[in-house]
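Structures follow.
Presented sequentially are two complexes of chain A, the first with chain B as partner and the second with chain C.
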Partner chain A sequence: MLAIAIAGLLLHTYMFMRVGRSIRLVGAEHIWDVIITRNQFLFSELKYLPLLSGALLGLSQFIPEITNRRIKLTFHLPLREKTITTWMVGFGFILLTGLFLVQFAGLFTGMHLLFAPEIVNNGALTVLPWYLAGLWAYMACVFVAVEPTWRMRIPNMLLSTGLIRILFLSDFPAAYAPIPVLMFAGILLFVLFLWLSVFRLKVGRQ
Partner chain B sequence: MKIIKILLSLTTIFLLAWVLPWLWNIATDKPNHYPFTYYSSVAETFGIRETINEQTTLKDAQGNTYTQAQFDSILPMVYFRQLTREGNLPDSLQGVEMNQKIIAMNNFYFRYRPADKNKPVIPLYTLFESMPKRVDLEMPGDRFRLTRKLEFVQPETNTIDIEKSNQFDAALREKGFLGPPKIVAGNPTTRKAYDEGYFIVDSQNKLFHLKMVNGRPYVSSVDLPENINPVWITVTEYPARQFYAFLITDDGRLFTIFTGGYEVKEIPVPAFNPERDNLLIMGNLFHWNVEVTSETAQTLFAVGASDYQLKDSITFSAPEENEKLYNILFPFSLRFTSVNNEFVKPRIEFTGFGYLISAVLLLLGYILIRRYQKKSIRFWTAALIFLTGTFGLLASIIIGNTEEN
Partner chain C sequence: MILYGQTLISKGKIKTMENIIECRHLTHYYGDRCIYEDLNFAIAKGRIVGLLGKNGTGKTTTINILNGYLQPKSGECRMFGQKAGRLSPSVKQKVALLLEGHVQYSFMNIAQIEKFYASFYPLWDKVPFWELMNKLKIAPKQRISRMSCGQRSQVALGIILAQNADLLILDDFSMGLDPGYRRLFVDYLSEYAHAEDKTVFVTSHIIQDMERLIDDCMILDYGKLLLQQPVDRFLDSFKRYRMTSSLAPNWEKMPVVHPEKIRNKMEFYSDAGRQTIVQNLEEQGFEASDLQEESLTLEEAFIGLTGKY
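Now for the complex of A and B:
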């Protein structure tokens, strides 16, 4: 988790250094012009960072539990399995959301210093699907990892990949502007799906 | 849990409805080639150049065939460079004097694609000095935003130039502008011959022309025909300076805004669909070739450049696509992207009830197999197969029966 946070920090620093350099070299007016008339997004290196962060966190949190069958053991504790999973997933989810919010706030503030609000809003809409992909990916990892049988793990994997792919269909800045609600609803969908996996684990599907 | 399982089935079905038709199209898509067609001001019919299997035929709409030299001579507005080199360019046509320079200056190409309009924009615009002291246009050092008020923002400091903003805002208001605008159209590039600033449609559907002349605002209000609702304007800035802009309305009518008095004239061609059809106008001294390309056909209209009368038209149909099997297999398709729209959002397209043929067969198959296996028939699985055909069956194979957790 610390590694994920540091990677994010480094990438952000690098991106702003590069944008700062471009502005010094060719002038802010030209950079604005490139963003507005040529539909360039300056922070496109960010694209897969949240996705990787989410997936790594999900895997590192749940793979050991599954391979060692520890999660089954935790379910024998005198706590209800719902409570345990909620705690585990909730902890990861809040950690990830917190990290993403910090990154997002950094980007937002940095952009505000350099650009007009119109450009900042466009940028925020551009990175929104990428960050949501990170959250989806985290949930998807749990959905796949907790699932007890390979018979369902593979369909779950395909389904998750398909759904997450939707968030990377267009590189056009702010192309996802019409569907933020649907993208947030996606999180809910994954919560329900991973609930199904938890249920199947509990009843002991082989 | 059952509800979640149904939700999982539905999600799978939607993903299949996205992936399968996409794969189908990759496997079966054929290119759509229309011949190059251009109205001949000499022969007063369409010249058609068609290449099939690397064999090029040159003919006209009446069926006459031509050699390349003959074809060049009936289309002097296209092949004037070739004709000039061979010394075969006439010095006048229909009583109008012409040479290579005059033809080149009056030729223009105007292209409109639905995706030009349907895409995210950052509403900050560059207003150039229209009367620059030097020959070339220069970046002005600021950009304007236009909502209820007009404001100039300076990129170097990310601050607002209050004095200039007030001056231009007052000029717009004085002419009756009421924000926020519906359309702000201009060409934010220095690589053009001259600058005509912006054409702006305000919230009341009133049209304004805004320019910066010697650092000061120039605003003019333009009278539009009654009951039109503009959705797109392209400022042309062509060398001949005959007109300022093309305007497209929501119902697909086309207008030209002329220089010298802002006369707004309708181009006499049938309405097209600005959400789905591509438009290309190839204009010359004598005629405008208005080409409308839809999904199923391409129609070329010839319009007189001076009298604005529709002279002739010709339609080419796209080759019939055999979609019977597609319609039987797939009840609907889901797409997130579109060539006519840069935005990503779900777009569901129903193919009709032809899919019921496959759905009923698949349902029967499902019932027979379950009977044979001596298992009970699951209501939701059966229902989804009936409602979504192939998708439903595949979904039940991929993720199992809806009722079984």
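Now for the complex of A and C:
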């Protein structure tokens, strides 16, 4: 998690240094012109960072549980399996959401110092699906890792990849602004998928 | 097979049995390979039962089915009356589980793991845990991942003893342990289980450890359960016989298992008793005057029953 946070910090620092340098070199008017008339988003390096962060956190949290068979011990704790999974996934989800909020706040504040509120709001709507993709990726990794059989893991991987791909179909700034509810609903969809994996693990499907 | 409510007479004690574990008509396959078919067994309260078998006979499979980690092809297992895979938290609290390889949260140190488990078990008793840890002379802040296999086994044992559970399930506890740690493990567990009247279900392929520990043995062979019996009854009846003869009798007409003839020396195993063996041999025209009957250790009896191969 620390590595993910440091990677995020370095990338944000790099992006702001690059944009700041561009403003100094070509002037703010030109940069604003690029953003407004050519529909460019200047922080596109951020695109896959949340996705990778979510996937890495999910894998690093759950792969050792599965490969070291600790999940069996964990599921033997005197709690319902759903409660156990909720705690585990909830912990990762809150950690990831916290990190994303910090990154988002950093980006938002930084942009606010450089650009007009309309551009900042547009930027926020542009990065929103990327951050949600990070949360989807986290849930997808748990969904795939907890599934007890490779026969189902592979279709689960394909399904998850297909769903997450939806959030990267358009590079146009704020392209997903009309469907924020659907994007958040995607998290609930992955929660349902995750319960399915937990159920299959609990009843010992092989 | 021990059935619900049956009375068992063992070591002079008479007990009315209440079954803690019941498995009925279990059948399981891995692909086309049959692990067992129509396996039935029950484990009564207060008994220490060893599930013995060669590698690949389905010991860990049985533990996995019992704990709901594996769904059998057919049949069902129940613990404390609840179906495997659907155990309530209150039943899970009564079952302490040691997984094959002493799997633990190895990123924790012993102080952390003690605190972690204590929060889940209301009857948690930290005394046996720290007693065992003090024997190991390891620092409370040493991570479990940096311990030897023997030390990890003692941490796992300490945890299951401290849970104060009614049923202890231990899957191949002896794996990777040197003789000293195996003895320490067995002596500690045996003392604890007998003193506290706990039920223990244990698997191992190192049979010599089991003889010091278990009351009843279940012996699995490829595809079936060969035997479920109190160990003392098994060892009282199951004997090895040796005799000298240039010819071999028709083994199929005799109640023996795994007969072997090397030159003129014959060796076989049976639970039919010396008199029956002599009678069988004489009916086939053999002189049985040099027939020797030998008592066996559990390990020898296990090999006699399941064969060397």
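Annotations for the structure displayed:
The working rule: the second predicted complex is superposed on the first by the 206 of 206 C-alpha atoms of A that agree within 3 Å, B and C clash if a C-alpha of one lies under 4 Å from a C-alpha of the other, contacts with A are read in each partner's own complex, and residues count from 1 in each chain.
Everything below uses one rule, namely that a contact is a pair of C-beta atoms (placed from the backbone, for glycine too) under 8 Å apart; a residue touches a chain by one contact, two chains touch by 3 or more.
Here the structure is a predicted model, which means the values were calculated and not measured.
After superposition onto chain A, partners chain B and chain C are found to sit side by side with no clash. Legend: residue contacts after superposition of the two complexes on their common chain; A:Ala177 is shown touching chain B, with no touch to chain C.
When the two structures are aligned on the shared chain, A:Thr67 is found in touch with neither chain B nor chain C.
Contacts of A:Leu114 after superposition on the shared chain: chain B is touched, whereas chain C is not. Chain A is touched at more residues by one of its partners, and among chain B and chain C that partner is B. After the chain A superposition, the centres of chain B and chain C are separated by 140° when viewed from the C-alpha centre of chain A, nearest 10. Legend: residue contacts after superposition of the two complexes on their common chain; A:Gly204 is shown touching chain C, with no touch to chain B.
Figure legend note: chain B and chain C, brought together by superposition on chain A, show a least Cα distance of 12 Å. Chain A residues in contact with chain B (one complex) as well as with chain C (other complex) are 203, 205.
The touching residues of chain A, when paired with chain B in their complex, are 27-33, 35-37, 113-116, 118-119, 122, 125, 151-152, 155, 158-159, 162-163, 166, 169-170, 172-179, 182, 189, 192-193, 195-196, 199-200, 203, 205. On the chain C side of its complex with chain A, the touching residues are 64-65, 67-71, 84-86, 89-90, 92-93, 95, 97, 99, 101, 103-106, 120-121.
Listing the residues of chain A that touch chain C in their complex gives 68-70, 72-73, 75-80, 201-206. Those residues of chain B that touch chain A in the shared complex are 1, 4-5, 7-8, 11-12, 15, 18-19, 119-120, 122-124, 126, 139, 141, 143, 145, 153, 155-156, 158, 188-189, 336-337, 342-346, 398-400, 405.
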